[in-house]
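Chain naming follows the written order as A, B, C and D, and within any one chain the residues start at number 1.
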Amino acid sequence: MPSGALLFQSVILGLLLGGLYALLAAGLTLYFGIMRVVMIAHSAFLILAAYLAWWSHTELGIDPLLSMVVTVPLFFGCGVLLQRLLLARLRAVTLTMMSVLLTFAIAVVVEGLLGYVFSGTQRRIQLGYGSASLELFGARIAVVKLIAFGLAGVALLALYLVMKKTTFGWALRATIQHRDAARLVGIDTDRVAGFGFGLGLATAAIGGTALSLDTTIYPSLHWHWIGPLMAIIVVGGLGSVPGAAAAAMVLGLAQSLLQIELGTTWAQTVFYLALFVTLAVRPQGFFGGRLAQRF
Amino acid sequence: MHSLETVELTKAFGGNLVLDKTSVSFQHGKVNALIGPNGSGKTTFFNCVTGLIRPDSGRVSYAGADITRRTPHAIARAGLGRTFQLCRVFPRMTVLDNVLAATRPRGANLLRGARGRAETDRARGWLTKLGIEHLAGIEARNLSWGQQKLLELAGVLMSEPETVLLDEPAGGVNPALLDRIGGLVRDLNAEGRTFVIVEHNMDLVMSISDHIVVFDRGRPIAEGPPSMIRTDERVLGAYLGV
Amino acid sequence: MTIRKTRTAWATAVGATLALALGACGGDEPEQASTDEPIVVGISLPLTGDFSEPGKGVQRGYEAWAKITNDKGGLLGRQIELKILDDQSNADRVVADYEQLIGSDQVDIVVGPFSTRLVVPAARVAQEYGMLFVEPAGAAKEVFEQGFKNLFYAAPAVANDHYNHLAEYLLALPAGQKPTTVAYAAMDDPFAQGTAYGLKEKLEAAGIKTVIDEVYPPNTTDFSGIAAKIATSKADMLVGGSQYQDGVNLIVALQQLNYQPKLAAFSTAPTSPEFAAAIGNKTEGILSPTGYTQQAPYPSNKEFVEKYTAQFGSPPEEDEANAYTTGQVVAAAVTAAGCAEQGECQQKLIDWVRANEVETVVGPLSWDETGKPKGAHMIQQWVGGEIQIVLPADAKETDLVYPKPAW
Amino acid sequence: MPSASRAQPARIAGGVAVLAFAAVALAFPSIAPNPYILSVGIVVLNYAVLSTSWNFVGGFTGYISLGHGALAGLGAYSTGLLVTKGGLPSFVALGVGALLVAAIAVPIGYAALRVRGASFVIVSIALVLITLLVFQSWASFTGGSRGLNVPRPFPGLLRPEHHRVFFYLFLALLALALLVWWLIDRSRFGLGLKAIREDEDKAEALGTPTFAYKLVVFVVSAFFTGLAGGLYALWFGDLDPIFQFSILTGSYMVLMALLGGVRNLFGPLVGALVVGSALEYFKVEFGNSPLHLVATGVLLALVVLFMPDGVLPALGALLRRFSPTTDSSIREVTAAELAAERATIGGEQHAQPRNG
């Protein structure tokens, strides 16, 4: 039986991890909502952002957080182009399958380019405050993890506000709910879809920067992220951002707690178990999500 | 006597109620028509009956058996064949294969050649009956709209359903073809097949159907023989919105 | 010229496979190596992937050996030419690579890749082509349980013996000071895990309690879970069976949790030049076994350190030294056997190495019938911001600091 | 479907090509200049078997799996473990192992195929990641990251001989897979599967038990993939989870199949010959570099975007456009038919019974 201290420590770690998962899953959900596309390349861009943060820190000596000034708008642009130039070309009949293949291909390309430019060597940002930590009721919280969590939280909040409070957000939600209807009320759904993708990819930029603060990165790392993320959006009920966030928190916590008994790798299997169970028992997901049936 | 009937069938999409406790029964061995203004829930009704959509509540029974929760293919095998509103064929398969795909092999037969003599003859038979036998070797996507309609019909008939549900068979076809379909329905009905037809073309409906059910806002508002329906002002109301 | 050979070979292969050019094949018999030709030494190394850091080190070691030997006129009057392929730290590639080097490129000698995981499959290929296989990195005991007849490990000791001196030291401590609880965390890699478990056996035998025993796969990056367990266990001593990055990550994660053991020992990582910077210079007191030190008194070592430093601008580390040692062993065998090409010559080389002792930069080496070297590793410790030999007593540069200061 | 409307000369040409390939394949071990080239030949054959096995699902049902790499890995490991831990004779283990993979495929298929569309792909990817995790973590049983060493079935043989034997074994397996694919292709079962690929709802409405069909063909595919993986294990001897359960293996299968054309019996084979040879060639010429990934990705994207039916079919169509004899003339034909059609209708009008 693990000690209370260890349990508490794990809960903290779990929540910190869940926050990041939630942000990234939100991005994936956005894509799916807009185009019924499962964006395999999401986590590849995540790692790309992490590398850019690492690079700007080691080569230019600026704090990784500042790299977002460039990466966020850059990724937004990439997202728009990605949707308008590539995904929009696919035939509606085979969209689901082919879009997965296409985004998969993109992910592989990104991974390859990263490997080519930065080599397969594992990289890690060496920050002055890298090993600093705060004390909280006997548990230790690493400053970098806290910053990462903060980033994720802020980004999620911003995303929420954009969706709920802005006209663009309104148009986006309309497009997600019923594309044709949205078109009828005069929304340029193509443009909205493009921007929606940009928004999703921008979250990847933020997530990647957060990630780079405290993890070792290497080109093929994105596979270790896309798996859990896909599980999260399915469990959360496809297309439902709150669902994804909830699932992210629950599964993140579960993973961190299971680590105590099972160790790091076995703990990760919880995501895939959840995925299989969900599909076998309740394909529409456990946290609502109207679109799931059509998936 | 009744073969296909529904009891309090209800289906809602999001907020709006498309089928509202719909109880209808169709006459066995007759040509039944299902009419009503756009959005009155005719197609949804078809989809619920054939299992493509799960109704929220209510029952569907066919020949005495409850088929409400069965899978579409089980319902089809129970004897209910259907066509689709925007007609659906297998675009990248030849006309002949389109029809052959409607056979239902079981067990060892599954591994027998798809173009067995018996089947092929039957398939060609239907193609001939519908006048598109000469297109047998062509991929369906290369057919004209009307030809595709006929092909879809041939496919359904190949599966030998007791009851055929046609969703707007006259949709977007030229008058000549229209008459031909009408005649075909009559012939097949004479051979003992039951028909349920959703159709907007009143001439066709009035000319071929024995029994008409009128839908409005997801529930039947009138039913009876054409002669009666013609003069029913509720129907006129529904259509003209008076 | 090997390139051209593979090209034609390829024309054949692709042609044949694609059923295009049936006629293009034949006429590819390997030319006999005549004495004015260089001795081509084939190597497959992990220049990308999990093991790319040490892999590059090994590569520098081999390059240094080739250069130094060639400057002195080569072997048997023939220059040495290295043919290095990248196996991406991947067992499948490593086999394909040696298959290509031996079968297609017709190299005269093959030497080992890096990391035990890759050594075993590679050695099997070499064995089945009857080639001598001296290797700088297959340190785990599994390697010597495969019944290889052609394999020799060019380093003082196998992984499980790396900590022998430390074990002796700890067990000699008075009861009061002796650590009572130990936490082990090892990469699931024959070498890394071998070092940690070698020490584990000895300490457990002496009744020192194991409180944590974690094994993680090579691609693990998130160590917060493992660290949390170790930290909360408050073990007196920590032993890490690490390669490089995993060791760094684990240490940082532990420092984040402010875990302060009396003793912390990690394999490989602490000896790497980037180590100190990587963990923010909080290195004080960290222990590490090493098979090599630049200060080692052996004659060939002075030359090695000088010329290596001249060539690469920084003194050699352990990986480089092991590769260089491998080269020295091969050179000795070739000179003694008077031949270096595929065929019966290889057996001569094997027999010679089996029967003789070789003077190397890590001291005189000789091998038992399984190819296992007979020796032990030194223990180094970070003291006053630099890593120094602390054990064994006769080789030490400074005294072992125990318990270690906080990091 | 080419088989339906292919002109006679094309068919003959095809037959000749097949025979030519068979001849070259059988002769390859004796014309291969050195053992390395022979081993490359085996690797390429292995790809061919894998992508053909993949095409049981991809080609017939149109469901795209990126996870067949995992099935191959499972085949390899189950074979290896049955030999080392179970003490079975190598080739018995191979068969049993493949059956095990097929059995594992049932629950996977159940979860993945019930819901339509991308969830299948998601599960297939997840399959690779989860198997990698399990086979790395469960070190006590699988050997973990240290890998598993599978004893050679023919210990006596020298390496070149060993290659020769396995080359023919892989060739035989390829022939078997192709035969079964062909049998299904011409069967009523196959017709049902293609109906699913074309329009799943429609097929269902016509009375085809689509879920059962998909599940069965998925299991068959898994079986052959398992066989290929197992045979590879027996040939190669050293299994490492990182490679056995690599997402890349799956994507190579997809690329090869799509490239060659998923609707053709020999499409995946041709794709494998092209891609497989290219992969090894570039490795020899330019060494390993991450650019392989880039090339794979770009190629895949291009195929998906511009020639989802495969490059070779696309080229074929291009060629046919220039030769009048073959079925490129479908359109003109239909045009003619349409005219005839209208005529007949016009003619029949009077014959129509007018009731109402």
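The definition used in the following text is that a residue touches a chain if its C-beta (ideal position, glycine included) is under 8 Å from a C-beta of that chain, and two chains touch if they have at least 3 such contacts.
As the structure is a prediction and not an experimental result, all values here were calculated from the model.
Contacts with subunit C and subunit D are shared by A.
Chain D has the C-alpha centroid lying closest to the overall centroid of all protein C-alpha atoms shown. Subunit A and subunit D, compared by their mean Cα positions, are separated by 32 Å. Annotation: 39 Å between the Cα-based centres of subunit A and subunit C. Between the Cα centres of subunit A and subunit B there is a gap of 46 Å. Residue positions 115, 120, 224, 263, 265 of subunit A each touch two or more of the other chains.
The set of subunit C residues that touch two or more partner chains comprises 48, 88, 215, 217, 219.
Counting partner chains per residue, subunit D has residues 136-137, 289-290 touching two or more of them.
Annotation, chain-chain contacts: A-C, A-D, B-D, C-D (touch as defined at the top).
Looking at the complex, you find that subunit C touches subunit A at residues 48-50, 52-53, 88-89, 214-217, 219-226, 228-229, 231-232, 245, 248-249, 252, 255-258, 277-280, 282. Residues 17, 20-21, 24, 27-28, 31-37, 39-41, 43-44, 136-137, 139, 144-147, 149, 158-160, 162, 236-238, 240, 242-243, 273-274, 276-277, 280-281, 283-285, 287-290 of subunit D touch subunit C in their complex. Those residues of subunit D that touch subunit A in the complex are listed here as 62-64, 66, 107-108, 110-112, 114-119, 121-123, 125-126, 129-130, 133-134, 136-137, 247-248, 251, 254, 289-298, 300-301, 304-305, 308.
Residues 2-3, 5-6, 9-10, 13, 115, 119-122, 124, 126, 128, 130-133, 140, 142, 144-145, 215-218, 220-221, 224, 256, 259-260, 263-265, 267 of subunit A are the ones touching subunit C in the complex. Across the complex, subunit A meets subunit D through its residues 36-38, 40, 86, 89-91, 94, 96-102, 104-109, 111-116, 120, 219, 223-224, 226-227, 230-231, 234, 263, 265-266, 268-269, 272, 275-276, 279-280, 283, 295.
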